[in-house]
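All chains are identified by letter, namely A, B, C and D, in their written order; residue positions are counted from 1 within each chain.
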Amino acid sequence: MPPTVQDVADWWATAVSRVEPDVIELRGRPVQEIIGGMSFVAVIWLLLRGEPPTPAQEKLLEVALVSSVDHGPHAPSIAVARIAATCGIGLNNAVASAVNTLGDVHGGAGEQCMRMLAEVAARAETGEPVERAASSVVAKWRARSRYLPGYGHRFHTVDPRRDPLLRHVEEAVADGTVAGGYLRAAVAVEQILATGRARPVPINVDGCTAVIYGELGFAPPLARGLFVLSRSVGILAHAWEETGQGRRNKGPIPPSITPTYLPGSGHALET
Amino acid sequence: MPPTVQDVADWWATAVSRVEPDVIELRGRPVQEIIGGMSFVAVIWLLLRGEPPTPAQEKLLEVALVSSVDHGPHAPSIAVARIAATCGIGLNNAVASAVNTLGDVHGGAGEQCMRMLAEVAARAETGEPVERAASSVVAKWRARSRYLPGYGHRFHTVDPRRDPLLRHVEEAVADGTVAGGYLRAAVAVEQILATGRARPVPINVDGCTAVIYGELGFAPPLARGLFVLSRSVGILAHAWEETGQGRRNKGPIPPSITPTYLPGSGHALET
Amino acid sequence: MPPTVQDVADWWATAVSRVEPDVIELRGRPVQEIIGGMSFVAVIWLLLRGEPPTPAQEKLLEVALVSSVDHGPHAPSIAVARIAATCGIGLNNAVASAVNTLGDVHGGAGEQCMRMLAEVAARAETGEPVERAASSVVAKWRARSRYLPGYGHRFHTVDPRRDPLLRHVEEAVADGTVAGGYLRAAVAVEQILATGRARPVPINVDGCTAVIYGELGFAPPLARGLFVLSRSVGILAHAWEETGQGRRNKGPIPPSITPTYLPGSGHALET
Amino acid sequence: MPPTVQDVADWWATAVSRVEPDVIELRGRPVQEIIGGMSFVAVIWLLLRGEPPTPAQEKLLEVALVSSVDHGPHAPSIAVARIAATCGIGLNNAVASAVNTLGDVHGGAGEQCMRMLAEVAARAETGEPVERAASSVVAKWRARSRYLPGYGHRFHTVDPRRDPLLRHVEEAVADGTVAGGYLRAAVAVEQILATGRARPVPINVDGCTAVIYGELGFAPPLARGLFVLSRSVGILAHAWEETGQGRRNKGPIPPSITPTYLPGSGHALET
């Protein structure tokens, strides 16, 4: 049977949005009702999940999104954004180069942590004590890698985002918004990492947001996806600030450090 | 004088954030206060502008961000996201390839429209009637390009996002949140484009959001920057939906259309 | 001990190139000698390996690079390049969006195939008959995935790049340029896939180039890296051709297919 | 008339390549003949221009491609590649983030220089003395920007790539391969910049390659496109070297410089 135009339409079928002349629907809802009727965070939820969140779900998603927007100019994504912004490309391009770096190591800890906690939570749900489940999963994870995703921080003894984020999860558990399995798993892992150590290894921002995304029912790859939306804000702000400083072809270290640097001729485009 | 470590620190100085051990501040505010204390939209404003928005400013920014999240799978950015998501790269990479396409033609209309409206508004502020200013600026713009940024739409006779967005701006003008210069300029241009034509060319979503970003005091390049944040939501949702469908190496048209397509061997990775 | 400027210099130390005022060296060789003294392909080898190739090695690398430059506009990378080129971004940005899609599924088959063949070759080197080694490795691979990297093609019964590429490898084995372990492994796998089947599953371009890169001593991730260099040529050519056609915001399917498409107003920038 | 499948095929029509079952043609030539029959540089020319180059044209294109592959780890594109390579993304993604930065400021000088020299050459062809044409065009360019594309260098008093590149162009003019208009224009501009100055501002690598690409008949945007192909080699080599060093989340400056840096816990993934 020869292919038809319908085959082409089907190839690009989607449940996310419907666009026809004078009609835009997002997940079946007219855009006119969404504008002014739903918050930006609620629309993020709507597009990813198909239905809008409850106000309590929305609030919990919001604190997670807010918490990860920036971690200073030495975070690789932010450094890339600032360098890129000086090279004569659009802000969209600078953001793209930076978002592109949010990979398994830079942005992927949340996704991996969610998988680890999901395993602990699943075992705890079958009746195994959460401490034992956590201990067993941590041991397995450690056998594979010396990094435990979502725990500890190179800079911070306690990540300053930990306490406020966990407090919001605790409240959401208390009022029945979420079930608490990821939270209990995360705390059990944290306790294992604190036992018999001079210096504990508390849960970090990747771990806390993994707890939130897990409690809210997002799939693990969306821990990375939501981190992208969050960090894009800081990426944009830094790219924009750098643009305003007028540097051209910013390198990672100041030109004064280049060996026997020669004062520029006023013409140079370094390539 | 030889370079010092301080030169290096200065090279990466920023007013956006401060990160020290156990300290994260965004625009001088501890992250602990921001988490739960500010909405995601307010944080976007804070990072870009240095101070938080008023609730009325935040509301107006929010409707603009909400309005542009998606325009269906045939928009180039969304198509790229869906294709990229089938190639074995992370969600962050698929988003990056897509955000990268939000250039002068795909996402830049808002930035250009803001510049055009700013010119009209500036002339109107000096006492020139806004209709005359609009007429003169439109004529000048037309001499350069057959596209008037922010007006008309390939699909829609009236962009369904126009009315709700302009209504929010009107309310913000009425209650004194914003001054109204961009709105008056935009309407004046729209009237010129409707005069003596069988088919009017109403302001589209790029134009409406340009009005909002202009009224709120954002610089023109941030019309593109904010569009990036908004459209990233739809880009992520489409990339994620495509991921769930399990296609590999999705091309733009279905394989059934390939000439004399041969059923796959079950092994093929097309390269 | 406080950090010093030397720490900064060390942080960016590299053996690839040395750039000082009036000095550019690539892998210790003055650029003046390289320009005109080495071919582009030889410089690719030099930068990746540290030393220049022999003429025979260079020739073998060249046929691999030449073979993968393009696979038509329906290959995801090429489609992305053409779509991106219509969005008002630079050629570099269009190339970047496209190269970004050369991931585990689109460009990664070569890397995976090289790992598979390396395993077969290593076992064969210990004295195990290559047929048995191939059979065992294929079985193991199949247990993990229904795709065998580097074999079969969705379009082609026999990839037209197979025969000329393998012929060059055979010649290089015959004259002692390379040892032949990867070639023997690849052929052994091909024979297993042909046994008892109505339709054989011959080695494809990813497999053939994996053989070449493996014989030449490149590490598996560079199979992807070299594919990036090769395919960038086709990506650029398609982006450039598309630029010349003047389309704006090209979607994956023609506007005529959009339901009840309305002729454009002459103004529209679709967003 | 309703759309047809043919419309879809036409939408993706291309003269670059033809791919059908068991057939791959590049610019009308079977890939089997190209593999082994044409050099990598010749294939670059073929895909961009439609016909293969003469050996002399190929040689001249090759020296230009060879000359720009790398300019050390402080060039923004290379720095981005190295940072990106430590973030847990593929080599293709690291290359993409880096290639993306080759914009108007970082890679665009060649394109702009080619336009400037084309203007000088066009006026000289009408009989105006090239010195006067150059003087007039330089004055016009200077009125717009303090940077003259293709001249001077922040690091080098004389770019070490200048002499060998210009020598190759001179030879190509001498043997009739190219006409020499761009070369004469470039030298005339250089002389203007040397007149009455303590320190001359010689043509740099962007200018020299602009001369070559212009002499060979490439359109100005391809100066950037060809630079992308060339610099991708250095980008890949640096990303690959960085990968081998095992750093995770490399920032632009060493952690030792972070204020009161705390030794890591052995767990940290900085986000």
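What we mean here is this: contacts are C-beta pairs under 8 Å (C-beta built on N, C-alpha and C of every residue); 3 or more make two chains touch, one makes a residue touch a chain.
In this text, all values refer to a predicted model and were calculated from it rather than measured experimentally.
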From subunit C, the most remote chain by mean C-alpha position: B
Copies subunit C and subunit D touch via same or different residues, half shared test: same
Contact-richer chain pair (by C-beta pairs counted) among B-D and A-D: A-D
Equivalent of B-C within the choices A-D, A-B or A-C, defined by over half of its residue contact pairs recurring: A-D
Geometric centre distance via CA averages, subunit D-subunit B, whole Å: 30
Distance from subunit D to subunit C - Cα centre to Cα centre, in angstrom: 21
CA centroid of subunit A to CA centroid of subunit D, Å: 35
Residues of subunit D engaged with two or more neighbouring chains: 3, 5, 7-8, 12, 20-21, 71, 73-74, 79, 89-90, 92-93, 96-97, 100-104, 107-108, 155-157, 252-253, 257, 261-262
Arrangement of touching chains [line / ring / star / complete / other]: complete
Residue ranges of subunit C touching subunit B (in the complex, touch as defined): 2-5, 7-8, 68, 71, 73-77, 79-80, 83-84, 86-89, 93, 96-98, 100-110, 146-157, 193, 199, 201, 204-206, 227, 248-253, 255, 258, 261-262, 264-271
Subunit C-facing residues of subunit D, complex: 3, 7-8, 10-12, 14-24, 26, 30-32, 34-36, 38-41, 43-44, 47-48, 62-63, 65-67, 69-74, 79, 82, 90-93, 95-97, 99-104, 107-108, 155-158, 160-161, 163-165, 167-168, 221-222, 224-225, 228-229, 232-234, 236-241, 243, 253-254, 256-257
Interface residues, subunit A side, partner subunit C - complex: 5, 8-9, 12, 20-21, 89-90, 92-93, 96-97, 100, 252-253, 257, 259-262
